[in-house]
Amino acid sequence: MIHYIIRRTIYLIPILLGAAMIFFLIFNVVGGQDRYLYNMLPKKVRTADQIEVYRHKYGLDKPLVAQYLDYVKQMVTFNFGKSESRKLPVTRLIKRMVPVSAALTFPAFTMEIIISLVLAALCAFFRGRFIDKLLTILSVIGMSISMLVLIMVGQYFLSYRLHLFPISGWQRGIYAVRYLMLPWLLWVTVSVGYDIRFFRTALLEEVHKDYIRTARAKGLNETTIMFRHVLKNAMIPILTYVVIQIPFLLTGSIMLERFFSIPGIGSLMVTAIFNYDLPVLKAIVMVYTLFFVVFSLLTDILYAFVDPRIRLS
Amino acid sequence: MLEKTVSTSYREGKSPFTLSMLRLWRNRLAMAALLVVILYILLALMGELNIFHIKDMASNNNFDLRYMKPFTHIEHLFGTDNFGRDVLSRAIMGTKISLFLGFVSGLLMIPIAIFFGSLSGYYSGWFDDVAMYIMSVIVAIPGMLIILSLIQVAGRSFFIIAFAFAVTGWVGLARVIRGSFMQAKEFEYVLAAKNLGAGDFRIIFRHILPNVFHFIIVRFVLNFVGVIKSEVFLAYVGLSIIGVPTWGTMLDDSKLELMSGNWQNLIAATLFMFLFLVSLNIFGDALRDSLDPKLKNVV
Amino acid sequence: MNNTILEIKNLKTYFHTEEGTVRAVDDVSFSIKDGEILGLVGESGCGKSVTSLSIMGLVPVPPGKIEGGQILFEGKDLLKMSEKELQKIRGDEITMIFQEPMTALNPVSRIGDQIAEVLEFHTDLDKKKRWEKAVEMIKLVGIPEPEKRARSYPHEMSGGMRQRIIIAMALIQNPSLLIADEPTTALDVTIQAQILDLIKKLNNQFHSAVLLITHDLSVIAENADRVVVMYAGKLVESADVKTLFNNPKHPYTKGLLKSIPILGKPDKKLHIIRGTVPNLIDLPPGCPFFNRCTEAMEKCENELPEIISLDNDGHLVRCHLYRQEHTT
């Protein structure tokens, strides 16, 4: 087990290097560096001399390999310099915005999972009956609506017309909840459709297995079978599904953050792409990748925890 | 002794695929959904061929007829937009873009996924290591970041966008194919084919690949859903295709028009998109259920 | 000792599938007496397993449905009972062993817990007592180190061991009827004999009646007291073991017996029943065995034979060949 964790942690290094490479290729080779420099610089300094100055300042006159190595060095020291558009150290920006995104995504995600798990269990328990069919139809409808439409309609009616929520904005501390209520609601509405269907399938796949028939032959009632046997076995795919989504929570929700002016990582990411603010993007890529790899490792460990058949080696 | 070969109950054998298609055919809801999808394709064709002047009405500005309300004029059923263009025609033209994006990104994605998935599942060894590495790197970067960056640096053209979807989309399918290949290469029928002297190429393409066909086709259908939703997202952040009406740009336009009471873009794009996505979802599910009988009897 | 514990009367269990209605069990009647081992034989797909699931009330509905008949357990009709009443009987008075021990146990729960769970639902014992009894039961079915085994998971055991665990589960409440549905088919030959011996031994010890379902006639010959032969969802012959093996009447039974290899006669050519089982969806109107029968007559094609009683000891056969003898 310890061995496995160590090996997987070491595997993190090539993954990080690879992620940095892909990212490096997109901006420096596909896009071309001149374009990058040109877009990044403020309008008044976009003269040939100034561009050369900046080219040297950012080390873009070095060979590509050296530039990539610079990037790697930045990753190791976690020092990405200053954001060009915001004039702030990248680390500070990230540190400030991750909690904002997390305040949006984590409560919403928790609610989403609890609600859809309960509803999916209902579906599986009353499979083929009215409630199951109704929820199945509703989840297909939910899966087919664009989030943008929901956001616009939700904001128009609930905030603009009914004044239930503030239209958009942000405040620090506990007051943030006021601004987060509607985004949470929209998030849950958009995602439960997918979840219900996934959980329902995971549960129903177990319902038809032989050991459930054995449990019935033992004289167990359906409720016990559902909660003690089915749910425990279905927990394996469900846990994977849930844990693997956690890293995504970190990057926030680009749409919700931009629409409701929530200063989180998602909106930071989009503006950084537009402004060619590479230091910020590099940091986001690294933080996200780290998170992703750590959480996939966590999934594997959880797996071994829930399923006695799996031994990590 | 009675020498008579009685075959009263002998039924002509049907291939699993034929049986699947029969099951699908009997599924009325799925057939209705397929019909809707076909209607959309015809609609897009009509738009492209400029039948009923759809193409013209979608692009010609007419400032005398700005912001015509929906359902008030029979010649502009869904009203007109900011530039006096017919919203219904724009939604129809948007259908074409959505269909094309889904189709092209699917076509780009599937060969990549088959290549990496089948070879790494079948051979394991160093190729598998390399393929797995590439896949883990791609999933370890937020997909949207790759898509947005690619479009930003390479331009907002149709093929770049389709390519961006394909680059991030193939990994999931490749993993499924790899898993199936790893299982299938141990199956008796594959070993039997090997014993009969079948080459690797033949085994991969004739014996194993047909068995993962259902994953591919279902993925192809559901890829449309993902792509259409992502296109809205791109339009919202301002990175969708320039110069053509898409459902995403229509929705994005309506964002500013709502407060002044102009709902025509929102209504038209939402209706078009919703009906299409519902149909695709229903058809995709039915297709999966009929092709994968393991889940078929799950009531 | 000779009380009838279970009586099945005209049971009809059909499956309504997309292709049509499968008459998996069609008008089957037989009974099991207290403490006896009744063998139920037939080819795969002849409805033996569906019969057992019907008794347990575990036929998957839909597509399956019990269309008619009665299953009287100690005089009460199981088919008329509510699900709650059935749950009280299942695992307590009627229990079952399944064909596939590899998948019949919950993979993520400990062996001991799975056995003790039966007691949780059928007794008032506390948790500790339940566990102790489970361990005792594991020992009884011949598994060494029962305390340690109770704490292990199914994947840590072989198929034979798992089948013993399932037997332990089935017998812990001392049931009046044990249904063993092909209990040895999935096991190695050497293990098969052990498991059957165990079932027989426990049948003596617990006085449970056993419904032993198998396609293997030698298993029946060694273990059963009486035999029911099924073909294409219908009962074709029923008798006590000796009568059936010495004096089979139905052409199908005769064919089956002739197709058993006999030790020490390697040069004897084995008999083959030609043809295949008819499709259960559109059965011909006559005798279902008609297309394979070597003694078929004209009326066999269109007229389904009645069940005929051949003697007073319950030798029954469904065949036109014996109709004359019976009526005269």
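Just so it is clear, A, B and C label the chains in written order, and each chain counts residues from 1 on its own.
Just so we're on the same page, a residue touches a chain if its C-beta (ideal position, glycine included) is under 8 Å from a C-beta of that chain, and two chains touch if they have at least 3 such contacts.
These figures come from a predicted structure and were not determined experimentally.
Ranked by how close its C-alpha mean sits to the mean of all protein C-alpha atoms, the top chain is B.
The chain with its Cα centre farthest from the Cα centre of chain C is A. Distance between chain B and chain C, defined via averaged C-alpha coordinates, is recorded as 50 Å.
Centres computed as Cα averages put chain A at a distance of 54 Å from chain C.
Chain A and chain B have CA centres that are 23 Å apart. Counting only residues that touch two or more partner chains, chain B has 297, 299.
Contact of a single residue of chain C with at least two other chains is seen at positions 62. Residue positions of chain A with contacts to 2 or more other chains are 128.
If you check the complex, the residues on chain A that touch chain C are 128, 209-211, 213-222, 224, 228-229, 232-233, 236, 306-309.
Chain B contributes residues 133-134, 136-142, 144-146, 148-150, 152-154, 225, 229, 232-233, 236-238, 248, 251-252, 254-255, 258-259, 266, 270, 273-274, 277-278, 280-282, 285, 295, 297-299 to its touches with chain A in the complex. Against chain B, the residues of chain A that register as touching in their complex are 14-15, 18-19, 21-23, 26-27, 30-32, 35-36, 127-128, 140-141, 143-149, 152-153, 156, 160, 201, 204-205, 207-208, 248, 251, 254-255, 258, 269-270, 273-274, 276, 281, 284-285, 288-289, 292-293. Those residues of chain C lying in contact with chain A across their complex are 56, 58, 62, 83-84, 87-92, 95-96, 98, 100, 103-109, 117-118, 121-122, 153, 155, 166, 169-170.
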